[in-house]
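Down below is the structure, laid out as structure tokens.
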Amino acid sequence: MKNLKSFFEQILRIRMVEETIAERYSEQEMRCPVHLSIGQEAIAAGACSAVTTNDYAMSGHRSHAHYLAKGGSLKAMIAEIYGKSTGCCEGRGGSMHLIDRSAGFLGAVPIVGSTIPIAVGTALTSQLDHKETVTLAFFGEGATEEGVFHESMNFASLRNLPVIFICENNLYSVYTSMEPRQPMHREVNLQAIGHGVEAHQADGNDVEEVYRLVTAASLKARAGDGPTFLEFKTYRWREHCGPGYDNHIGYRSPEEFEGWKTLCPLDRLRRRLKAENLLTETLEENLRQKIRAEIEDAFAFARSSPFPDSSTMTQYLFA
Amino acid sequence: MKNLKSFFEQILRIRMVEETIAERYSEQEMRCPVHLSIGQEAIAAGACSAVTTNDYAMSGHRSHAHYLAKGGSLKAMIAEIYGKSTGCCEGRGGSMHLIDRSAGFLGAVPIVGSTIPIAVGTALTSQLDHKETVTLAFFGEGATEEGVFHESMNFASLRNLPVIFICENNLYSVYTSMEPRQPMHREVNLQAIGHGVEAHQADGNDVEEVYRLVTAASLKARAGDGPTFLEFKTYRWREHCGPGYDNHIGYRSPEEFEGWKTLCPLDRLRRRLKAENLLTETLEENLRQKIRAEIEDAFAFARSSPFPDSSTMTQYLFA
Amino acid sequence: MSRILKYCEAILEATDLSLEKNPSVYLMGLGVPDPKGIFGTTTGLQEKHGSHRVFDIPISENGLTGVAIGSAITGKRPILTHQRLDFALLAIEQMVNQAAKWHYMFGGQASVPIVFRMMIGRGWGQGPQHSQALHSWFAHIPGLKVVMPTTPHDAKGMLISSIEDNNPIVFLEHRWLHNIPGPVPEGYYTVPLGPIRIAREGADITILANSIMTLEALRAAEILEKQGIHAEVLDLRTIAPLDREGIKNSVKKTGRLIVTDIGHHSFGIGGEIISSLIEEDISIFKTSPSRISLPDFPTPTSHALAKDYYPRYPHLVVAALKQFGIISSLKEFETDNLRPSDIPDSSFTGPF
Amino acid sequence: MSRILKYCEAILEATDLSLEKNPSVYLMGLGVPDPKGIFGTTTGLQEKHGSHRVFDIPISENGLTGVAIGSAITGKRPILTHQRLDFALLAIEQMVNQAAKWHYMFGGQASVPIVFRMMIGRGWGQGPQHSQALHSWFAHIPGLKVVMPTTPHDAKGMLISSIEDNNPIVFLEHRWLHNIPGPVPEGYYTVPLGPIRIAREGADITILANSIMTLEALRAAEILEKQGIHAEVLDLRTIAPLDREGIKNSVKKTGRLIVTDIGHHSFGIGGEIISSLIEEDISIFKTSPSRISLPDFPTPTSHALAKDYYPRYPHLVVAALKQFGIISSLKEFETDNLRPSDIPDSSFTGPF
């Protein structure tokens, strides 16, 4: 088992990065949609801790946590959100298109479900090349409504590919609950069973459980025993897109939100660490300071970086 | 239970129609691809016998049996295959695009899986209008590999729609066995369970069993209790597309074919009827004569019908 | 007639009236009944017309397009929304193979009255996958009509016409038009699908524009007016069927043409228009016509890159002057570069 | 150089050589290893190169396109086949949103070397859903290259170039070309993507054709020759990037242009070509250019309807003569109406 403290640090770091984005968004310098992952960080942290830098991960519109947990450069991410030439896509992508190939984060795009088959394709390469690489495909429960998710599951199951499907079930797609989207009489992960893929449902705010399940799935995948589907229940705290909260607009209740806040993955881990005497206020404060410094650095970097010259718009059309 | 003799007559009629098409195809007057249903007729006959003319059915490339069993005009079908103006699409569709709205056969098209969501949409109309109509969606096991099949299942399950998914599992898609297409460790119908849809697997060459299952599913659908998925195992005798046989070209063994021939749905029913003293050689011969006459009539009608004038090509672009 | 509504309100009203008038009409799409109501175009409709006629759906673009078709061939008149055209690329098979061809391929036996409402995104980092305008694609497909109103007046009247039409209609709304106000008559009225709208009369040069580019063209015309050039601005509010006559009449008069489009340049709609004119009349142009459209690159996300990606009125002015032999530069006409180029108006502060 | 192969054999050989040369190349598609081997273009490849490099797939066009992309960004060079372009409409999202834009939107960090081989159907009742040629769509999308060879020589050389290319390539094969023989060099060679091929030189009129229409254009040129008109036939074997220079050079010489295309007329590729020329040079045409393409209807199935749906060489002859002021009728040039119009050659007897 990985160090609990490293989980804590990862979750805290993601949380602080996201909160900083939220705070500063109103400065109107991050001029692109942002889908924050606050409340859902434990899944990214637990899952990415269970694999190595050589392994792959891909994600969708809500990808900051996955990118960071996988080891993507914070500076390049913030610069990308600022639209700068030092961004991870040199400004061509923004928050919804993160990539850091050196960290094995092969890309995120905002078309719901679309990186799922692509992730499966990276696993095909691993299998063809007899590499031990495992691919993590991160997506929301909404993505399982897309046909391409099922085509991907079928192919991964059929070919026994080393891919782990990590479904963050945060109960909503934008402002829409599950009710008009999926049958209430079956759990999301049952869809995987339909494809003959081993499936589990677990608490996505329990980083240790996430880590345990992804570790098992990756061992299995590396052994050539195929894909696993993991459904993690969690909750998005902030508005679907943007820096604020949206519990007041009517699609979900403030009570529901408050209820989930008590299940905060960070608080939970803090309590656990404190109970085991692994964390003190001072330790946490030191950690926060370190992270704060890193974040300030990244924002300073982003701010001071040059904008891409608009004439470079023509670059990268063809390889 | 419907009259066993009527099942026999239906299957025999479909068989004889298909065989006549096969026989005469080499005359080069049926100038379009044909996907014959010989060997699979019991599913069409059993399923369509379980519903009424007011109910709907839709299908794909291999639709002759479904169209005929649902009560589609034989003349209009043969004329369509001959490319004549009296055809069910006035020559615009051919064998792969059958329709007879007066019989509730709302259409068949040759893009694999594409009528499945359309069939679900017809069931949505029935539900919205509080009609007791049930829709039969016929397709092959290959169509379950298309994402749109899953999107359709999810929506039908979610909305409890009066649609019956009838999957004819004939083991092949064109010349490809299941092996490179679907995981062997799960049955086709398990996919329906994944969507919370009641599913059954049964012998598709047993018309009584088909009838029983579709009757139950339609009662359930009419009662507002939602969709059912039925997987019927069967076998296509002729080549995937065209009038001949293709057991010699190497993708399946002549032995496999011979094995399935012994499970012929028509022979099986004949034995059953004879055992119950419901059929004699003479009775069958009379039946054949009657059907033969109907078929000759239809072919004569098709042959003597005029071709559409090529200037009418411009008709029907917009409604 | 002097009642002022925003474009989004005009869409809302057209939908409301259509739901009221015809019980076969229903409306579905991701987020249709949610608090944001598709940029304010569907707000309150579920409460008013019931959840059997106005409802949210799963994220299954292709499947739900098929569902719309199935309900259409059994008597319904669905309106299906896509918050971005880019998402509808998942539904191309059903739209193009099925909806567009159904009436034709089945010999006219069943029609497919569906309105596909799709939004075209722009600005605030929408980027490569939230900003595509593929009207030229749809216009290339026999059996589809493609509608793209610019004004609130037309948005309402043409949406009603589209809902009344018995064919599949691709109805495209530019995100930057939704909050623009304009006069909208009360009650139920239609604006026919097909004819161009003469947004401004002039005899010297024709600027054929569509959607948001019509507004840029009108600004360009004002500037040109000051130079003594009377530009005629045509609003190509229907891409297919194309009003070839209406376009020809204007160009016959002016002898000069700029086609400006919100789609990519190459193999876009401008080629069709210019080519059709010259095929019919070799001497219709006094000088080479021009096309001002999006460059042949995906939309970059950073506003620093996107600012010169989207052509605006100065590009039209420069192109027009060039047709009169006057060489000018964009900078001469950039009067409003105080407003950032990635927002529709100063009230917009993100995030979507 | 005098070795004769059929087009399908040229494709097979190109694939075989590429699989041999580059271990990253692999080939997948419905029926790839089956007894028919995609119209003879993949026969024997699985036996030779193994089932890890040549394999059949589920009927999941969109998903497998994503799989191809995923493998491409991790070092593979997939070739994905579609037995009909019409089926690939299910995969548009992955092709257009993802494959075409990947390199651009991620700042050039990963390329997507994929060849999408798609067949364009025709004849023997292929009908509305098995015969679409949507090259103008793909050509409109920045980031895609669109290749459409006519001869076996080019089929081999351009397929090898496509496989070597680091970008997503839409490689279109007309079903009626597969059995046509022609000289094909031995061994590994490339034909560059881009430049047009001058299929026949002439100074009087340019006939710009593609795919199977190039053959019709050559027949038309022969007939025109007899009338003293020397037609230049250009084979537009690459639609995107478009060889604007090559086209211009020919039209500058001849002053006359017919664009003939296997796609629908409106908003097709002809408009782009004609329009680009006139934009650059208002006096390039001596007379109105013309487009001969498919009418704006879905393909009807019955041969009785389809026979006048597809333009053939007489249409080109009549259009060419018209540009010289000579009015003629199609019938004058119908020399081969003994062969039914719905088959590629007399050996074809159905069913597919």
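Going in written order, the chains are labelled A, B, C and D, and every chain counts its residues from 1.
Assume a residue touches a chain if its C-beta (ideal position, glycine included) is under 8 Å from a C-beta of that chain, and two chains touch if they have at least 3 such contacts.
Only a predicted model underlies this, so the values are computations on that prediction, with no experimental measurement involved.
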Chain D and chain A - chains in contact with each: B, C
Going by the touch criterion stated earlier, list every chain that contacts chain B and also contacts chain D. A, C
Looking at CA centres, what chain is most distant from chain D? A
Per the C-alpha centroid definition, the whole-Å distance linking chain A and chain C comes out as 36
State, to the nearest whole Å, the distance from the C-alpha centre of chain B to the C-alpha centre of chain C. 42
Approximate Å spacing (C-alpha centroids) for the pair chain C, chain D: 31
Interface hub residues of chain B, defined as touching at least two other chains: 87, 89, 91-93, 97, 109, 111, 145-148, 150-151, 154, 158, 180-182, 317
Among the residues of chain D, which ones contact at least 2 other chains? 57-58, 60, 62-63, 86, 90, 93, 97, 104-105, 127-129, 142-143, 296-298, 300-301
Once you draw an edge for every pair of touching chains, what topology comes out, line, ring, star, complete or other? complete
Given the complex with chain A, which residues does chain B contribute to the contact? 145-151, 154, 157-158, 180-183, 185-186, 190-196
In the complex of these two chains, what residues of chain B are touching chain C? 56, 58, 87-93, 97, 99, 101, 106-107, 109, 111, 114-126, 128-129, 147-148, 150-152, 154-155, 158, 315-319
For the complex, give me every residue of chain D touching chain A. 26, 52-53, 57-58, 60, 62-76, 93-94, 97-98, 102-113, 142-143, 145, 166-167
Residue numbers on chain C that touch chain D, as the complex places them: 62, 86, 89-90, 92-93, 96-97, 100-101, 104-105, 127-129, 132, 134, 136-137, 139-143, 240, 242, 263-264, 266-276, 278-282, 285, 287-291, 296-298, 300-301
In their complex, what parts of chain C are in touch with chain A? 30-31, 34-36, 55-63, 86-87, 90, 124-130, 295-298, 300-309, 340, 342, 349-352
